[in-house]
Structures are given as C-alpha cells and as structure tokens.
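Heads up, there are several structures right after this.
Both of the next two complexes hold chain A, though its partner changes from chain B to chain C.
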Partner chain A sequence: MNKLLQLLARLEVIPRKTIYLVLFIAAGLPFLYPIRLPLMIWKETRSAFNITQNSAPNKVVAICSNWDPGSQGENWPQYEAIVAHCMMNHVPFIVFSIDSDAVSPQLAETVNERQAKRYGCVYGRDWVNLGLTRGAPLVMGSIGRNIKQVFQTDYRHNSTRDFTKLPLMEHVNSLNDFSCLWDVEYTPNLDWTAFFDPASRVPLLFSCAGMVSSGYYPYISSGQIIGMMVGTRGAAEYENLLNEKYGKAFKSEGMRGQKLVVPLAFGHLVIIFFILAGNVGMIARRKLIANERAAKKGQL
Partner chain B sequence: MTGYWANNWQIWISAFCVLSVYTYLFKDNTLYRVMMQIFIGINLGYQAIIQWRDVLYPQWYLPMIDGFRALFGGAGSPYGALWALVGGIGILFYLQLSRKYASLSKIAIGITIGIGAGLTFKSQLGRNIPQILDAFKPLAPPIVRPQPRTTLKLPGSAFEPLVDDSLAIFVSGNTIEADEVLGGVRVWQTKLPSAVTGPPRFVAEKIMVPCLTEVVQVDRSTGKINPITFTGELLGNREGDPLKVVAVYRQPQLGHGVELRAKGSELSAYAIKDGVAEGVHAGDFLWSATYPEPIVSVQSFDGIAMITGPKVSEIWEIPPPQPKLTARDYFDNWVSVVTIFCVMTYFFFSFKRRGPMIAAVSSSGRWVLMIGLGAFFGNTVMTRMSFLLDRLMFLIDDWLRPLWHQIFR
Partner chain C sequence: MKGRRIITIVVTFIAGLYFLLDFIVPPTMPGVSFQAVVADWKPGSVSVRSGTSAPILYQLISKNNLRPQLLSSQRDTLGKPKLTAILLREAGVGAKVTVRIGPFVAAHIINPQSVSLADGTQLSLSPGQKWVTGAGSDPIATPTTGQPMSIEQVDGIVVSKDPGSIDFISRSGRVTRSLGDHTAVIKLARNGPGGEVSVDDLKVGDTAQIGPATTFVDNRDTAAQFNTVITTMAFGIGLLSLGMTHTRILVQRKTGWYLSIFFFFAVAMGVIAGVGKYEDPGTAARATSDFFVLRVIASVNSAIFSLLAFYMAAAAYRAFRVKTAEAALMMTSALIVMLGQTPFGSYLTSWMGEQYSALWLPNIAGWILRVPNTSVFRGLTFGVMLGAIATALRYWFSMEKSVSGGE
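Moving on to the complex of A and B:
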C-alpha cells in the first residue's frame, strides 16, 4: 500500500519541463492530423452575430481594432471573422485604433487586405482604415460626435474629407451613422459605455481575450454590452455561424478560429489531467505522512 | 532550394526568435535575455515613429503651424497657434529631470490628474449605475406588468397633433399652439378666426388649419396668421389609424417591435414580431395603461409616446418589452441576488460579524468568490493556451511544413 502511495505522491512533483513537453505534443498533434469537434454556440456570440448581420444598409460597422502581437493569439481570429462577415454581408466598415500598440492599424490592414482579395472589396468604398489616435476616453465621445474631426486623415494619409478617394466617408459623420461598434482587444474598454453613446443607441459588441471575459458578463446582463466574442472559442463559434449563414460563400480556408479550437481543447485536457494528478499526488503524500506518524506512534 | 530561401528567410528569423523566447521554459538564459532586449528596443523605436507620424504630426504639429501661418497673414484660423501652449505644458513633464525646475512639472501633473479625476468620475457613474439597477432582479413572476411613465404634460388637441422634429402643433377650439415635445416649452400660441374642424397639415413652411369658415394659413416658426386664406376641403395629414402606432425605441436592438393600440381611454401594447424580447412572440400582449380622458391619437418617436386627449397630452416613456422568464431564469436570478448578498456580507468590515447566521452567510460569500475566481482561472488557461497555440501554429504551418515539403517533395 505504501509503495503505491509513494508512487502516487510523485505525481505532486512532476517536473515543469515534462508538463510543457506533454502540452506541446498534445496541442501540436491536431495541427498535423486535423480533427473536428462539436461546438456549442453561446448566446452572446449569436447576439453579436445577429447585430452585425442586421446592420442597416445606410450605416457602417465601426471597429475599434486595438489588438497587437501580444494578443493576436485570440484577437486575430476574432477580428478576421468580423471583417469576413462585413465583407460577405456587403456592410461597409471603418476601422480605427485608440491608445493601442503602434502596430495595431498595420495588423488590421493586413487582415483587411487579405479578406478584401477573397471577397472583391475595395478600399475607400467598402472599408476605411482610419489609423491610430490617442486620448481615450475623451476621444470616444468625439468619435460619436464628429469622427472626421478626430481622424482628419486615414491610415494611408488620404484626407477623410476627400470623397473621391474615400467615398464611404461621405456619409459617415457621427454615431448616427454607425450600426454597431466592435471593440476588438485583449481588454475592451468599458469607457465606451459611458462616453461614446450614453443613450445606448448604438449596440456595443466586445471581442475580448478569454481571460478577462468573466468581468464583462455583468455588462451583458445589464444591456450595456449587447454581444461578445470570447477568445478563440468565440471566434470559432462566429466562424460556425458564418458557415451556417453563408455556406460555401464563406471562404473558411486559413480562418484561424476553427483551426485553433481543437488544439485548445486538447491543451485544456492536458491541464485538467495535470491538475488532477497534482491533487492525487498531494492526497497520497498526506496519507503517506499520516501512515508514517501512525507507525511511529505504534513503535513508541 | 534558392527559391525557398528567398521566400522563407523571414520565417526562419521569426522561428528563431520564437524558439529563443521559449528557451526560457527550460531555464533563464542569455539567448532569451538578448531576444527580450531586442524586442523592447524595436517596439520602443517603432512606437516613437508612429506616435509622431500618426498622432503628433497630423493632430498637433500641422494645426499649430497652420495657426502661426494664419497669424502672419496666411489662410486658415489663427487659433491653431494655441496648440503651442499644449506642447509647452507637455514639455513641463520633462522638467522633473532638473532639480532646479522640477516644481514646474507639478503644473502638468496637476492638470493631468485633474482631467483624469473628472473623467474617472463620469466613467464610474456611467458604468456602475446600470450595474446597480441590474442587481435588482425579478425573483418571481410579476403581479403587475411594466407601466409607462409620464415624463411631460402638453396641451390637449381635438385632432392628431402635427409633429415636425421636436415641435408639435396642437389645435383645440379656436386655438392653435406649438410646443417643444421633449422640453414641454410653449413656442407660440395663436387665436384662430373660428373653431377648428379638421386636423392641421404642413404645406412647406406653413400650417394649413381647416376652420368653420375658411382654411387658415399659419406660419410654422412664428404662429402668425397669413392674410391669404382660402375655402375648400383639406386632405388629411397622415395615412392610417391615429389610434394605432408602432412604438419607436432608441435602442436599435429593440427596433420597431411593439404596437400601441388605443381604445377609449385604454392604451395597450402588443408585440408585432417574434423575439422583441426573449420568449416573446408576435401578437403577445405586453402591458396596458389608462389615460385620464378619451385618447385622440398616439404618436411615437425617439423612445417615447405622445398620447393626445382633448384637454391634455402626455409624453410617456414606454417600457421596453420584458423577456418572458422561465423557471431557470428565476433560479439564475436567485443565485445572482444571493451571491451579491453573501459577498457583500463577506466584505463588510464596519463592525464585527457576530452570530452563526452572519458567519454562515459570510463563509458562503467566500465560497462563491472562490467559484468565481475558478471561472477566471479557467479563462486564464484558455487565453494562455491560445497564445501558445498561435505560435505553435506558426511554427508548424509556416515554418516546418514548407521545410518538410522542400526536403521530401
């Protein structure tokens, strides 16, 4: 019995490097041998999808794209899914970054360009990248009042009042011209709820890292946020919804959400296994110590 | 092979960087530290350039230079030169580096803290008041349905009032009156030559009012009667039933999903499409309310309804459709309310918690906190794992797979 306990107690001190190795192998395997797993679509993802899907034809989807290389693991698939949705749905969109990493507008531009080639969209007519600005939360209110005052030029240095180059901007002035606002970043800024549109006429949709998502659920319950895409899982759900809605028109090749969600599940299984193993090890060690004490008392 | 290197050298550098950073998992080492310093250096340099190119140059430098040019006879507004003051205040921050003038930096710090405090105050109110309101959740099916709230009283009208932007025109007896709908302020009032016999109607900037003897033309802005009047029949000003209207909500997600129907002095609301709220279907009765007199007309705009009677009109804030809650929803609400209560008890330190009851509630608060933190932990694992997978995907798909094909094709 003690030998078994000693064996189990070793589980408590599994070397860190072993855990990393197992994790790398388990998470890497689905990339080599693709597997599909069923995916339940959460209410908040469906709600965000429906709002974007039902955008009024004379309005634009506004996307605050603040993700950077540090958060691209989760935010890139989310952003790409939103952009693909807008382009397939023929809903024009504007992208801007506020107080983000300097590389954010460039990352957004790369994704936009790739999706535009797939769906035949044109810069200036179907989307505009307004680049980076600083000064949140004040600038959020200014975007709601007069976006051209905040962004006088776009990311490509065209004037936002030059309607021959940017015809889309002719009808985009204030929040009345937005059908919804997406904030895609590691921790979406809750100041949008207070500064951008306190009357809540423009639905706010957040696209966040899974780690911080728990803190946003109360804001969904209160109606301050209407929908949310949570981490890679949210991106995979959104891609599933695109698949359901558009079928073959949705070019899913290279989309990252569904590709990442299976390795993610495998990684979770590994973590759960090691948590259980660690706990079994701890219980075995305690039992072992108790047995040793009882044996010593018996000797005395 | 040359073609492969020409296309993939950047991938190799990226893969080398990724693997160098991951060597830290084995142990802290020089390669990892060198790579970390390179990343920080590149990032800072890049940030500095973008900060100037995308923010300071177009938003501060150009308006300032244009302002100075205007001061010395150029085109444009000279007020742009004031941006120089902003630059001056910004430079004050750097005086912290000087012992002699460090105190001047407090001006810039004070301004920043003042702005920050003001913004935080607004931000906290805007974020948290809806949260506090949402903490009051229904724990059982309602006995009374939601009721509209009267926000403003306006004059009555014998016919459906004319509404144009924020101005409403009311006619009663031989009086015509214009009021601000959202403020309740009377803009003008005019006596007509005889009693009004039909609803008024806009014709360009004039209001045509059918009276007993003639049709009177009233100026929309001033209320003055135009001497030119004519006789004849005036067409109605709107189509449809004035006692039936589709409610317009401010929130686009609620859309135009509710119909208000007036009968006598009773106003009722019905859903006109499925899903205006969770579990609500087209035709479902939502609420009803009684008006103090027979209703002449109902109009709706910008989240409100204007109910008009012969003597008085009222602006009602119409309640949004409420979701039909199931037993599970009520259970969730109980969990939510009990959790709030327990956690607040746990964090209540104003006086000593005595008695087994309070101790039990407080202890439950700690347990539910732990469950909440467990959910946070699960999500943390998901995020960290996603970041790892992103790099794994890069290493396998972008680096190893092309290499494999290159070697074994």
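Moving on to the complex of A and C:
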C-alpha cells in the first residue's frame, strides 16, 4: 500500500520540463494527424452570426481590428471567419484599428486580400481598410458621429471622400450607416458601450480571447453586447455556422478555426490531467505522512 | 521645476474637466430645452449672396431629393481643402458657405441655363450659381443629359436665415415654437437613426428634444482629434527618449552597449516595414513590408506569446491544489468551464441525448459563465470602479505627486 502511495506521491513533483514536453506533443500531434471532434455552438456565437447575417444591404459592417501577432492564434481565425462571412453575404465592411499595435491594419489587410481572392471582392467597393488611429475612447464617439473626420484617408492613402476610388465610402458617414460593430482583439474595449453609441442602436459584437471572456458575460446579459465569439472555439463554431448556411460556397480550406480548436482541446486536456495528477500526488503524500505518523505512534 | 509642476497641474485639471463635461453635459441646454412629439414643422431657409448679385433664397426642404446642402470649406490633415456638410445652426450670418443642390440627372436641356428632370421638374441657374459635376465641385460649361450633375453657389455669404418652426402637442393643445439661430433639434430614437437633425428631417410623430445647443456638441470631434494628436505625439516622444538613451549608452560604452545596437536595428526594420505597407499587393515594396511584418515581427511576437502556454500549464499544475472547500469549488468549476469550452466537452456528454442537454458539459459551463460568473463579476466591477474613480480623482487634482513632477 505504501509503495503505491509513494508512487502516487511522485505525481506532486513532476518536473516542469516533463509538463512542457507532454504539452508540446499533445498540442502538436493533431497538426500531423488531423481529427474532427463535435462542437456545440454557443448561443453568443449564434447571436453574433445572426446579426452579421441579417445586416441591411444599405449598411456596412464596421470591424475594429486590433489584433496583433501576439494574439493571432485566437483572433486571426475569428477575424478571417467574419471577413469570409461578409464577403459571402455580399455585405460591405470597413475595417479600422484604434490604439493597437502598428502592424494590426497590415495583418487585417493580409486576411482581407486572401479572402477577396476567394470570393472575387474588390477593394473600395466591397471593403475599405481605414488604417490606425489613436485616442480612445474619445475617438470612438467621433467614429459614431463622423467617421470621415476621424479617418480622412484610408490605409492606402486614398481620401475617404474620393468616391471614385472608394465608392463604398459615399454612403458611410456615421453610426446610422453601420449594421453592427465588431471589436476583434485579445481584450475588446468596453468603452465602445459608453462612447460609440450610448443608446445601443448599433449592435456591438465582441471577438475576444478565451481567457478573458468571463469578464464580458455581464454585458451580454445587460444587452450592451449582443453577441460574442470566444477564442479559437468561437471561431470554429462560426466556421461551422458558415458551413451550415453556405455549404460548398464556403471555401473552408486554410481556415484556422477548425484547424486550431483540436490541438487547443488536447492542450486543455493535458493541463486538466496534470492538475488532477498534482492533487492525487498531494493526497497520496498526505496519506503517506499520516501512515508514517501512525506507524511511529504504534512503535511508541 | 516648480513652474513645470504648476503647468502640469493646471493642464491636467483643465483636460479632466473638459473630459468630464464632455461626458455629462447634454447636447441642449438643460432647463430651457423641452422634449415634444412633433405634429408639424416649417422648414428653415437661408439667403446667400455671391459678389454683387442679389441674394438667393434657399428653402431647406427635400423636394425630389434636391434639398439645398450647406457646405463649409475646411482643410484635411494633408492640407487639401474639402467641403463638409453643416447644419443651418452652424452657418451664422456673414459666414462663407457653399450651397449645393443635387446631384441629379438632366433628362432634357432647355437652354444652357435651364434643364428639366425626368419628372418634369425644371432647374435654372440664378446669378452666382453654376453647373458642377455630380460628386464634386468641378465646373461644367454646359449641362449634358444622362450625366449626374449639381448646381453650386460657391463661397457665398449668408445674408439672413430663418431657422423655421416646430408644431408640437402639449397638454394645452397644439403649440407652435419658432426656432432660434442656435437651437439644436435632437431626434430621439431608441432604434434607428437619431442625433441632431435638420427640421425637415423630422417626421410627424417623432420625439425631439429642442433647445439652445451647448458648445460641447460642436467641439466633441475637435477634442477627440486633439486627444488623438496628443496620444500620437506621446509615441514620438517615447521613441526620441529611447533613441537618446541608447545613443548615450553606445557613446559611453556602458555595460551591455552592444544590446543598444539591436534597438536601432529594430527601429530601422520597423521603418522599412512601414514604408511599403501602403503599396498595392504584388509590388516589391509591399512584399518587403509583408516579409518584415508577417515573417519577422509576427513570428517573433507569436513565439514569445506561445511560451506563455507552457508557463501557464506549469503554473496551473503547481497552483491548483485542493487544500480547502473553497479551493475545491473553484477547481471543480474551472475544470467544467475548461472542458466545456473544448470539443471534448461535447464529446464526453452529448451521448446523454437532447432530453438531458442541460447536463452537457458545454451547457453547464455556459450556465456557470452566464449566471454565477456574471453576478460575481458585477460585484467585482462595482468595487473596482469605485477604486478607479478615487484614483482618477487623485490624478485629476494632481494629488499623485509622482505624476505631476513632485517628490
């Protein structure tokens, strides 16, 4: 019995390098041997999908794309799914970044151009990248009142009032022209709820990292945020919804949500295993100590 | 040093005061404003004169989408002049404005001064007006059929204006209220477009708030631009400061001086990446920029962040030990939420069937996040915000001396 306890007690002191190695193998193997697992679609993801799907044809989807290389593991698949959805649904969209990493607009544009090739979309007509500005949260209110004053040129230095190059911008002036606003970043900015449209006429949709998502649920229950895509899991769910809605028209090759969600799940499983193992080890050690004390008392 | 500190304190206070007022002052003056359901309205009008010609009277009402638009000339960030639409309230007597009617497409040219539209409406030029292209202010010598065009009176002077009036329903019956020169009309709408509008944008039955405009309405965007400029300048100052520090280290050959070379190398890389990023895809400049951003910066940044996953796994293994009942509760909910967020959650519990779907791990995880987590987070947020308000007040009144330059 004591030998078994001694063996289990060793689980309490697993070397850090072993954890790293097991995690590396668990997260890496699904890339080599892809497998599919069932995925339940959460109502926050479905709600965000429905709002984007039902965008009025005369309005644009506004996307605040603040993700950077550090959060691309979760935000890239989310952003790509939103862009693919807008392009398939023939809903024009505008993208901008606020107070983000300087490379955010370029990352967004890389995804836009990649998806535009698949769905035959044209810059200026189907989407406009307005680039980066600073000065949140005041600038959020300005975007709602007069977006052309905030972004006087787009990312490619065309004037936002040059409607021959950017015909999409002719009818985009204020929040009345937005069907919804997506904020895609590691921790979406809650200032949108107070500064952009305090009357909540434009639905706010957040796309965040899994780790910080718990902080946004109070705002969903209050109706200030209408939908949310949580981490890679949310992106994979969104891709499933796109697949359900558009079938073969949805070109899923290279989409990252489905590809990353399984390695992530294995990673989580490894963490859960080690947490449980650590606790089993702790209980075994305590039992061992108790047994030793009892044995000593018996000797006395 | 003392003078600098006083300047910091004063500027901080004024900036904080503006920010607070901007947030709390309503668009119309409280006390003298009223809210009413619109029964009818009379549109505003404006007389604009160009040179020595007689003033032209414009009725500011939509007719075949030919509502005269008041435009003010401003300069954009690149210094180019641009015309921005303004409300009648913003165009004072004596102000320089451009008035544009259109765009429209002429169906028939009556003479070089008059055209008719498809619905029979006739449009004629008055002295001081000219034909321009539909989208902008490029003049057209003679009108042509089938092309979008507009009528413009460029750089006219406002001679007089009538802001119009609004009829609304009150307890004593129907009341007509004339609007003042500085009266703002705010359309109130829970769903759909709202905000400040022209009188003729109102519909019978709309609820509007009417009263003298507060200056904050007109200056909010200017304040936001100022904020943008200050924030951007802070980055420039940061870069300069870093550059000076690293130059000093290099010149004085301090310990680890060779590491400062990497700073300048990184800045150079950032500049190279930034120069070509505006180019069209497929060009050499854009390819170079994409290489630095996507293959160098993104890869290095991702590699650093991906290390976090390994550290977090090791930290979770060491920290999550069930030593008390509270720790057991926390660990159980953490495991459920973690498993519920992965496909394994569905895989392990969906065999129970739809009738027991409430017991599926993702649904339990969702309930934990939506109900207990929401209530706890709200309480936590209230507490944190009270602390944040206290800290903000300390900053506003420069009681945090380390920030305002004190000891």
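In this text, the second predicted complex is superposed on the first by the 300 of 300 C-alpha atoms of A that agree within 3 Å, B and C clash if a C-alpha of one lies under 4 Å from a C-alpha of the other, contacts with A are read in each partner's own complex, and residues count from 1 in each chain.
As a convention for this text, a contact is a pair of C-beta atoms (placed from the backbone, for glycine too) under 8 Å apart; a residue touches a chain by one contact, two chains touch by 3 or more.
Given the structure is predicted, the values throughout are model-derived calculations rather than measurements.
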item: When chain B and chain C are modelled together on chain A, clash or fit; value: clash
item: Which superposed partner A:R156 touches (first chain B, second chain C, both, neither); value: second
item: Contacts of A:G28 with chain B and chain C, given as first, second, both or neither; value: first
item: Touching partner for A:V202 - first (chain B), second (chain C), both, neither; value: first
item: Chain B versus chain C as contact partner of A:P263, first or second or both or neither; value: first
item: Partner chain(s) touched by A:S221 [first = chain B, second = chain C, both, neither]; value: both
item: Touched partner set for A:I14, first chain B, second chain C, both or neither; value: second
item: First (chain B), second (chain C), both or neither touched by A:S213; value: both
item: Which superposed partner A:Q53 touches (first chain B, second chain C, both, neither); value: neither
item: First, second, both or neither for A:F274, with chain B first and chain C second; value: second
item: Chain C-contacting residues of chain A that also contact chain B; value: 16, 20, 23-24, 27, 71-73, 102-103, 105, 133-134, 138, 152-153, 155, 199, 201, 210, 213-214, 218, 221, 230-231, 233, 264, 267-268, 271
item: Of all residues in chain B, those that touch chain A in their complex; value: 25-26, 43, 46-47, 49-51, 54-55, 58-59, 119, 122-123, 125-127, 130-131, 133-134, 250-253, 372, 375-376, 379-393, 396-397
item: Chain A - residues contacting chain C, complex; value: 14, 16, 19-20, 23-24, 27, 37-40, 42-43, 68-73, 99, 102-103, 105-107, 110, 113, 133-135, 138-139, 141-142, 145-146, 149-150, 152-153, 155-157, 159, 161, 163-164, 174, 176, 199, 201, 210, 213-215, 217-218, 220-221, 230-231, 233, 261-262, 264-265, 267-272, 274-275, 277-279, 282
item: Residues of chain A that touch chain B when the two form their complex; value: 16-17, 20, 23-24, 27-28, 31-32, 51, 56, 71-74, 76, 101-103, 105, 131-134, 137-138, 152-153, 155, 179, 190-191, 193-195, 198-203, 209-214, 218-219, 221-224, 226, 230-233, 256, 259-260, 263-264, 267-268, 271
item: Residue numbers on chain C that touch chain A, as the complex places them; value: 19, 22, 76-78, 80, 82, 84, 135, 189-195, 220-221, 223-225, 227-232, 235, 270, 273-274, 277-281, 289-290, 293-294, 297-302, 304-306, 309-310, 312-314, 316-318, 320-322, 331, 335, 338-339, 341-347, 350, 360, 362-363, 366, 369-370, 373-374, 377-378, 381
